[in-house]
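Same chain, two partners: subunit A is paired with subunit B first, then with subunit C.
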Partner chain A sequence: MLSSLLRQIRKAPWSARLGFLIIAINLLAFAFAPQLAPFEETEIIGGVWEPGFWAADCSEEALSLRGPCWSQLNHSRVDGKAWLGTDHLGRDLLSRMLYGARNSISIALIITALSFFIGMTLGFLAATMHGWVDQLVSRTVDVMMAFPTLIFALIVLSVAGTSTPVLIIVIALLDSTRVFRLSRAVALDIEATEYVEVARLRGERLSWLMWREILPNTLPPLIAEFGLRFCFVFLFISALSFLGLGLQPPTADWGSMVKENAGAITFGVYTALVPAFAIAFVTIGVNMVADWFLRKAAGLRDEY
Partner chain B sequence: MSKLSAYILKRIAFAFVTLFVISVLISLGVEFLPGDLAKSILGQQATAEALAAFRAELGLDQPLHVRYIEWLGGLMRWDLGRSLANDIPVADLIGARLSNTLFLAVVAAAIAVPLSVLLGLLAALFKETPFDKLVSMTTLTTISFPEFLVAYILIALLAVELPLFPSMANVTPAMDFWDRLHAIALPVSTLVLVVVAHIMRLTRAALINVLGRPYIEMAQLKGMTRAWIILYHALPNSLAPIINVIVINLAYLVVGVVVVEVVFVYPGLGQLLADSVSKRDLPVVQASGLIFAATYVLLNLGADVLSVLANPRLRHPK
Partner chain C sequence: MTRLLTMKNLVIEGFQKETWSQIVSGVDLHVDRGEVMGLIGESGAGKSTIGIASMGFCRPGCRIVNGSIQFGDTEMTMASDAVLRRIRGVRISYVAQSAAASFDPAHRLIRQHAEAPVRHGIMSHTEAELHARELYRRFDLPDPDTIGNRFPHQVSGGQLQRAMVAMAMACKPDLIVFDEPTTALDVTTQIEVLATIKEAIRDLNSAAIYITHDLAVVAQVADRIMVLRHGKVVEEGPSRALLASPKEDYTRALLSVRKGGGTKIPHRHEGEPLLDIEGVTAAYGGGPPVLQDVNLRLTRGKTVALVGESGSGKSSLARVITGLLPPARGSIAFDGAELPAKLGDRQKETLRRIQMIYQMPDVALNPRQKVHEILGRPVEFYFGTRGTEKRRRVAELLEQIELSDHYLTRFPSELSGGEKQRVCIARALATKPDLIICDEVTSALDQLVAKEILKLLQRLQNELGVSYLFITHDLATVKAIADEIVVMLQGKVVEHGTREEVLTPPHHEYTELLLASVPEMDPDWLDNLLKTRVGAKLREGPASERLSRIER
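Up next is the complex of A and B:
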């Protein structure tokens, strides 16, 4: 399994390989954040917005220009160095980036998984049952998709409050409309084939038809779509966190970290760009892999 | 022709149904969600009188249909209730901000639409050349970037390192047109970058799709220049998807300004909405949410109708 994956990666174009590399780095951060991080998630280790490794120069001139140099940081632990400097409360940025990878990616994964569960169940159901079920769900989805996602989410969050479970359910529901559209379309194609008809005539149950007959043949486009939906959800949750409506502090989360450190940008302290670029890299990486997978598996996506 | 008008009428009817559902969801949405709004906003310690007063203020004590009709009636008279946070009529709060947001969106659209169509045309014309690859790479990157990253990169480059434009886009009624333009230069550039990426990619794809058709080959064999073929033979047939993506991006411009307005502390409707959500100022959220949603629905309706008009074949759906 793993060796065949590696062989596939070796044959992939450079863009997909770069995507795999980015994903691998983030998975490492995701899995081993507590072991890799030099400091705790909420531990205050020094002054506000102290510079990182680029300020290793401790000459008089550099000190007057940039403030304290790297070796002068007030570290609570001798072995730890703030490689990326400190944030707006004097916490280690690198540690928060690592923990942030864990929080931001896991919530986006949970939301995407839930959205696929809802969207695929409804989509397959609509495709196998036809009739009023199909009509009802399709028309509801039409109306929901006519509603701008961000505005919908904002209105619901203002009523229900911004707790993490509410956030997960709201975004998953909104996103499941797109999954529904795709899975219904793909399932309709498969549903028209002879072997599904045979299974139907055999008297198999609806759940058998949906999960044993239709699902295996709809997997490739749906897996690629999972990557693309993940990107969308990831950007969406980052935007909400950036607006202060996503994950709440002191949890380290990339979107909130951008918001917290953004005030310093006008003074030439670019701490906020680190989590912002991390968000972009994850999105680009997953996009590249999903794109390659789609081309390889189905050739569904054309030029655009 | 009757088929065409029937189709358009159907789209308009669907848009109105959507608007109706949206208005019901917005005005009565409190009801469908679990939990007691009054308690969750005022806190567990709130007295029974305070809770009752809060419910009466929002009309939560009345039956659903009465609430909806009163809310709709108020909307018709542009009476949107009073803000919970600072007790100002919501209409006053929204008025100036709405025009600020529209100004931002209109300026961004006026730059982005011609620019992106031109870039898409050029990329299709010079397909597979370094120019095409450069434009494609740049747009792919901007699509993957969150808006706030584009915005902060622009601030870092054009407001901090090279102090050309202000990093905070504050506009006041006293400023004249050019001062305003200067003030919103960076938020406009952010929106333009994001929107251009989308429109340009689709313009290029739509053109290249048409360029593979036999009648284009015929035109080539007749010895026509590539520019002529693209402008007079390919462009008319790819207008429908291009118009569609342009209008959808205009809808995005009106709705997607929320994040950009927050980054640049721009006094627009989007920032008001984001603020009000965190303060849970329900009347303001309802009113501004409805304005955003209605604009979005109407622009999407426009996209559908225009693309049918631009493509005769879509007038006779099979």
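Up next is the complex of A and C:
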């Protein structure tokens, strides 16, 4: 399994390999955040918005005294100090980035998995049962999709409060509408084939038709979609956190870190850009892999 | 005669399973001006690849590795795209198997017809349309002056294929490549298209390469025949000589393929009534009835063949029997008991006793299940057998369909077409059924493979006493396997009786047309047929349409 994955990766185009690399780095952070992080998630270690290793003194006196700018990376700070500087409360940014990866990614994963579970179950159900079940579920989903997701989420979250379980359920439900659309469409295709008809004629239960006959044949597009949806969920959590309705402080998460440190930009401190770039990289990385997988699943080859 | 096309030592490779393997290995072929070359072979023999290569083209994923293709004075393998563009569509044209898929559904026929000559600067648009109408008239299309203004979906399949032939002739080409142009058509429609093609080639004196898997069809049109297998030439020669005295065993096997299946042994339960359909009328949704007052009786251990063209309601009848299409009126009795109309109302035991085998084994097997899962599931589902007992039963099933147990762990994609169909048969047998509905089970297979499948089915009937309802449009199959024949036309049964009764005159008018349409190995068959009364009728166009008009 793992070796075949590695073989696939070796044959993949560079974009997909880059994506895998980004994912691997994030998975490492995800798995070993407490071991890797030099400080605790909420530990205050210094002043507000202290610069990180880039904080070389590049004034003219300094240059004439100590040679070129790049050679003066702030070694004193790096030794047991904040590599990426500190945030608006004087906490270590690197540690918070690592913990943030853990929180943001795990919640995004849980939400995506839940939304796929809901969306696929309903989608397969609608495709195999046809008739009024299909109509009922499809129309409900249409109604849900008619609302802009962000507004919908904002309303629900401000009413129901912003605890993590509520956050997970709300985003998963909203996202499952998209999953429902896709899984219903692919399942309808598979449902029309004769091997499903054979299973039907055999008298198989609905659950067998859905999970044993249809699911294995719809996996490639659904896995690719999983990658994309994961990105959207990730961005969505970040957006909600930025608006103050996502994960609540002091929990580290990339979206709220951007928000908390955004003010620093006015002082020429780029702390907010670190989590912002991290979000961008994860999104791009996952998209590259999902893209490659989608192309593979669609049977489009680029060997020629 | 001058040489038009010469292929020398042609080698073409295809990219498959991550390596390049030879599809065509060292084929020599030549076509003279005005001559028709027939290419014949099973699927995978490389005949289409050779046909397309004559235009200097390869499908994506293929490459010409070696050899030369000389067309007139041009070496096609070396020619630039600009040169090839001037030749393709003008001096060589191509007629594909499915006209429906080859026409752009969004444009009128005549506009598509005129595209090539106008684009190549041979004719003005008006001239091209004039020429098109002339061709339509010559090919006996109805309303030749206006039929070109129709869209592809507004004409019948046979007419569309004839329009396609006309389109191929738009630039008066020197060579036309016909790639299985009649394979997807009904037998009666096939005649109409074959006659057109033959006439077109003769009148316009074009050369042609005619690709087909059916030796009897190629015998009607080709001057010379080349038999291909696995990308190599098996045998080549003038049609008459090759048909009269084939040199190779493989050619002989192809020639004898129509002569039939196994022998029948009467079974002990034979004669008990099994299935009794009375006055069944059915429709899809609120649409027009697809079945009208159909009666059919099937006795245990017998094979009833249900014959008719596409759209005659054969498969709908199968859906009624299996419960997928509940009939509006009428009743079905199975083994003496009334069969509930809806699938959901039927007992598991009833479902077990009626099984179905489909036309396309590719889509009838779940591509994500291995053979042992496919066969094991019905065993477990109906008999609750598990573990060693189940494995033993699955092995036994494989043995019945003459496959070794290496196949147990294979996925359907790792099987050939014939093997897949065998697995489908085994899946049906796994439930120990009384009735198996075979829906066109051989029509997607190569002829030699189909013959083996028919033999297998006959052997299984002898051993197990199972009854078959055999749905087919192929009368050769019917002759080989049926005890009784039911002929359907437009949702109605027009004739039924034992095989001898139906196949010996006097026939119902429609049965006569069907019987006359089955190509024979005789090169003069088509010409002789067209001279007869029946042939003239077939020439006029879709037989079923006209007959139903008569009946009304």
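Keep in mind that, in the parts below, the second predicted complex is superposed on the first by the 274 of 304 C-alpha atoms of A that agree within 3 Å, B and C clash if a C-alpha of one lies under 4 Å from a C-alpha of the other, contacts with A are read in each partner's own complex, and residues count from 1 in each chain.
Convention: a contact is a pair of C-beta atoms (placed from the backbone, for glycine too) under 8 Å apart; a residue touches a chain by one contact, two chains touch by 3 or more.
Just so we're clear, the structure is a prediction, and the values are computed from it rather than from any experiment.
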Practice task
Based on the superposed arrangement around subunit A, label subunit B with subunit C as either clash or fit.
Solution key: fit
Practice task
Considering only touches as defined above, state whether A:E194 meets subunit B (first), subunit C (second), both or neither.
Solution key: second
Practice task
Could you look at A:E213 and tell me whether it touches subunit B, subunit C, both or neither (first, second, both, neither)?
Solution key: second
Practice task
Please work out whether A:R202 is in contact with subunit B alone, subunit C alone, both, or neither, and reply first, second, both or neither.
Solution key: second
Problem - First, second, both or neither for A:L157, with subunit B first and subunit C second - result: first
Exercise for the section: Figure out whether A:A239 sits in contact with subunit B (first) or subunit C (second), or with both, or with neither. Expected result: first
Fill in the blank from the handout: Comparing subunit B and subunit C in the superposed model, the one touching more of subunit A is B
Fill in the blank from the handout: Smallest Cα to Cα distance in angstrom from subunit B to subunit C after superposition equals 6
Problem - Contacts on subunit A seen with subunit B and repeated with subunit C across the two complexes - result: 303-304
Completion exercise
The subunit A residues in contact with subunit C across the complex are 193-195, 197-198, 200-204, 213, 216-217, 301, 303-304
Exercise for the section: Could you pull out which subunit B residues touch subunit A in their complex? Expected result: 14-15, 17-18, 21-22, 25-26, 29-30, 33-35, 37, 40, 141, 144-149, 152-153, 155-156, 159-161, 167-168, 201-202, 204-205, 208-209, 251, 255-256, 258-259, 262-263, 273-274, 276-278, 280-282, 285-286, 289, 292-293, 296-297, 300
Practice task
Show which residues of subunit C lie in contact with subunit A when the two form their complex.
Solution key: 15, 60-61, 322-324, 343, 346, 348, 351, 354-356, 358, 360, 363-369, 377-378, 381-382, 427, 431
Completion exercise
Within their complex, subunit A touches subunit B through residues 142-143, 146-148, 150-152, 154-162, 231, 235, 238-239, 242-245, 258, 262, 265-268, 270, 272-273, 276-277, 279-280, 283-284, 287, 302-304
